[in-house]
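All remarks here apply to the structure that follows.
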Amino acid sequence: MTPNDRATTPVTDRQQPLGKHDIAALIAQDIPGGAFVNLGIGQPTLVADHLPADSGVVLHTENGMLNMGPAARDGEVDPDLTNAGKVPVTELPGAAYFHHADSFAMMRGGHLDICVLGAFQVSAAGDLANWHTGAPDAIPAVGGAMDLAIGAKKVFVMMTLFTKDGTPKLVPDCTYPLTGLGCVDRVYTDLAVFDIGAHGVRVTRTFGITPDELAARLEVPLTFAEGL
Amino acid sequence: MTPNDRATTPVTDRQQPLGKHDIAALIAQDIPGGAFVNLGIGQPTLVADHLPADSGVVLHTENGMLNMGPAARDGEVDPDLTNAGKVPVTELPGAAYFHHADSFAMMRGGHLDICVLGAFQVSAAGDLANWHTGAPDAIPAVGGAMDLAIGAKKVFVMMTLFTKDGTPKLVPDCTYPLTGLGCVDRVYTDLAVFDIGAHGVRVTRTFGITPDELAARLEVPLTFAEGL
Amino acid sequence: MTTRLCATPDEAVAGIEDGSTVLVGGFGMAGMPVELIDALIRQGATDLTVVSNNAGNGDTGLAALLAKRRVRKVICSFPRQADSWVFDDLYRTGRIELEVVPQGNLAERMRAAGAGIGAFYCPTGAGTLLAEGKETREIDGRTYVLEYPIKGDVALIGAHRADRMGNLVYRKTARNFGPVMATAATTVIAQVHEVVETGALDPETVVTPSIYVDRIVQEAGPR
Amino acid sequence: MTTRLCATPDEAVAGIEDGSTVLVGGFGMAGMPVELIDALIRQGATDLTVVSNNAGNGDTGLAALLAKRRVRKVICSFPRQADSWVFDDLYRTGRIELEVVPQGNLAERMRAAGAGIGAFYCPTGAGTLLAEGKETREIDGRTYVLEYPIKGDVALIGAHRADRMGNLVYRKTARNFGPVMATAATTVIAQVHEVVETGALDPETVVTPSIYVDRIVQEAGPR
C-alpha cells in the first residue's frame, strides 16, 4: 500500500532563494498524507509546522514515540516527554511509546516512509555527511543519524546549497566523514531541489538561480526537469 | 545476588523408587525461594504442585508470561491464557505478559535461574537429548527445548532412569539427536539424583537401589556423595 | 502507510499472491487469526510458505489450508501434535516441505527481519541436527550458529483491540507471536476482538504501533 | 533473584566495584537516574566504564561523576552537547576514553547482551569511520557490519512505578534506554517515582518484568 496522495498547494516558484521556513514548507508539501516520518534535530523540525492538521502524517521521534505532537507550550511542558533534540513536545491521539531498541528497530527495519535530515555535504551518489566536520579537535557525536540514513525508505536532506563562504555542499564526493553511503534520495535547498538516483542528480525546482548558474557553481553533473 | 535460601523439608530417603510426584516434590525442595523457573511441558509441570505457596518462586512460560499461576479450574478457563503445553492456566499478582521474542530473549539471555526438562537421554558430559527419537518416520518437533537447554542458568532433568525395557537413559554418549551440548546440571530420577559437572557424574541421593547396583546398571562412571 | 479498517476478513486478505510467505500468529488457539485463515482459504492463494509455531490442529484453520494443498512449505517449531493429522499425513507422504526451527530462533529470526538485522549469532541448537550445515563461530569460548532473518510477504495475526489508526493491544498469552510478526511482513493484517476510536488506547500500553499494521478487521464470530 | 526494595539510593548502589561497566539510562534528563548517580559518586567506585546516550550535562549527575575522575571510558552516541563542558575538557586533554556508537547500535548491542546473541550484522555505519576495522559481510547485496554485545556489570535506570516484586513501568519518552539496559546488566538498580503493592500494576502494561530488576529505590526528591 502507498501513502494516500494529499492535495497540496505548491510553493510558487520564486525568483528569490528560499528561507528555511520556505524550504520546510516545500518539504511538507512533498510528504504524502498518512506517511510515517522522522524529522531530524535542527532545521528539519520546522517541517512539522507546515504539515496540514488533516495530513494524517505521523511523526516518529527516535527516543521512543510515534504520533508526536507540536512543541509544548508554557504549562504543557512535561520533563518525561521530549523529542530527539530534548525539546519538550506533546502527544497526539493514537500515540505510542516504546523503548530505544524497539524505536531503532523501527528505523533500521525500513518502516519509516521518510526521514528529513540536515547535512554538511551530499555527494552525487547520494552519500551523506552530517555528523562530523572531520576537524582534528572536534568531538565526534553521531546520535541516531547513521541509523536514520540507512533505515528510512526515503531520505530527504534539508540544507543550504552553499556554505557561508560559498563552498558547494552538493559535491562529487564528500570530504567530510560519511554518515551513510548512497542513502539520500532528495535534497531540498534554498536554491534548488535535487533528486538523486540511478539517473544521477536531477534538478526539479530552482529558486532565484538559473540552471546555467547552478551548473556553473556546482561540480556535480546535473540534469534538469522539463520546463526549467 | 543469589536466590534466598528457603527452609525445606527434605523428602525422606526411601527404600523404594520414587514415583513421578515424589520426584517433582524433590525438585521443588531444591528450588530456592524467589527463583525464576521454567517447567517444561509434561512431567516437569508437576513440580509446581509441590512449591510452597510462600516460596516466592516465579514461574515463566515461554509463550510470554512471568508469574504464572496454577492450572485453571472450571470457570477459570480463559482461552487467551495458557501455558507452553497449551493447558489453561491462571495469573498471580505481579504477573507480566510479553511477546515471543522478548520471552525467548529472557530464556536465551541467561535470566532464568532454573529450568526443569524431561529427557530421552542425558550423557555423562551433560548433553541432553529430549526432542527427537531419531526414528526415520518421526516428525521432528523441537518447540522451545533447545532454547531452554542453552539458556537457563541451571538445567534440571526429570526422568525415569531406565526405559520400560530397562535401557539406561543416563549414558556415556547420547544416541538420540541432541537438544544441547553440556547443558544439564542435575538429573532427578526415580532411583537416584545425579550432579553433572567438571567433576563427572556424582550421585547425591538414591532411592531403593544401592550404589553398587546403580554402578552395575549404568555404563557411566559414577562418584558417590558421602554417606551413600 | 495509513491503516485500513476492513468490513470483512475477505476484504482484509484480498490480494495475497500465490507463492507468498505468510506469517501466521497464534500459539495453539491463543492469538490464532481464525477468521483471516478461513478467508485466505476462500481467497484461494496457493503455493504458500506458512511460518507459524505449529502446523495446524484438527481439521480447521491452518489444517484446512494445508488440506486444500495450498501450502508448499511449513516453517515452524512444533508441527507434531496430538491432532496434527492433516500435516502428519502430508509430511509422511512427501507432499509438504518442513523446516523445523527452534521456537526462539523462529521468533528472533522474524524480529531480525523487522529490525533490519542481516544475520545473528545465536547459541541455540549449536552441535545439534538443526544447526547442521550452518555457519558457526566461537565467541568468548562459546559456540554460536549464524541465523538469517525470516521475512513475510504477509502476516495474519490476532489481537485484542485496535484503534482506528491501527495501534494494537493484545490479551494475556494470546500476545505471543503477533507483535513480532507485525514487524516482519510487508503487509500486516490483524483480526481483532474490538475496534475502538483513536485515542481510546493508552499510548503507554500500545504493544504494536500503527506503523506496522496495514489492515484491521473486527471479528464477526463470538469469542 | 528476589528484588530488594532499598530505603536509600546509597543502599541501592552499595557494592559497585571499581572497574565496573555501568549502564546509565536516560535521554537528556528524561529517565535519568539522578539520585542513583549522586549515590554512586558518594559510594566512590572508580575506574568505571560508563555506557549512556550522552556524556553528561552541566556540572551535576554524570558530569559530576566524570569531574571526580571516576570514569575511565565513556561509550555513548552523542557526547557533544551545548553544556557538556566537563566531558569536553577531559576528552580534549586526553584524560578520558571515548567510544562513539550510533544510537541504534548502542541500543541493539545492549539488547544482544540481554538476549544471548553473540554478535549481529547491522547495516548502520557501513562504509563510515565508525565501522573502520570492523568485520563486514555482504548479505543479499547489502553491506553489514558485525557488532558485538555491550554487557553491563551494573545498570542504573529511572522508571515511573515499581511494584514490590520489581516489575517496572515507565512514563512517556522517559522509557528510552531503561528497558534495554535492564536486560543487559548483571545487577540492575532502578530509581522510581513510586513503589506500589504487588498486583497494582496491570500485567499487560509491565514493560520491564521483575526478573530483570535487582534493587529498587523510591525517589526522595521532588520531581
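Here the chain labels run A, B, C and D in written order, and each chain numbers its own residues starting at 1.
Operating definition for what follows: a contact is a pair of C-beta atoms (placed from the backbone, for glycine too) under 8 Å apart; a residue touches a chain by one contact, two chains touch by 3 or more.
These numbers come from a predicted model, not from an experiment.
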Chain pair with more C-beta contacts, A-C versus A-D: A-D
Intercentroid distance (Cα basis), chain D paired with chain C, Å: 33
Separation of chain A from chain D, taking each centre as the mean of its C-alpha atoms, in whole Å: 29
Chain A and chain C, separation of their C-alpha mean positions in angstrom: 34
Chain A-chain B separation of Cα centroids, rounded to whole Å: 55
Residue list for chain D, restricted to those that touch at least two other chains: 108, 111, 115-117, 122-123, 170-172, 203-204
Shared interface positions of chain A, touching two or more other chains: 65, 91, 97-98, 104-105, 108, 150-151
Pairs of chains, among all present, that meet the touch criterion: A-C, A-D, B-C, B-D, C-D
Touching residues on chain D, where the partner in the complex is chain C: 108, 112, 115-123, 137, 139-140, 142, 144, 148, 169-172, 202-205
Chain D - residues contacting chain B, complex: 1-2, 4, 111, 113-117, 163-165, 167, 183, 187, 198-199, 201, 203-204, 206, 209-212, 214
Interface residues, chain B side, partner chain D - complex: 1-4, 33-36, 56, 58, 60, 65-67, 91, 93-98, 104-106, 108-113, 150-151
Chain C-facing residues of chain B, complex: 61-65, 78-82, 86, 91, 97-101, 103-105, 107-108, 132, 137, 139-147, 150-151, 177-181
Residues of chain C touching chain B in the complex: 27-31, 77-81, 84, 87-88, 91-92, 98, 100-108, 110-111, 122-130, 143, 160, 170-180, 207, 223
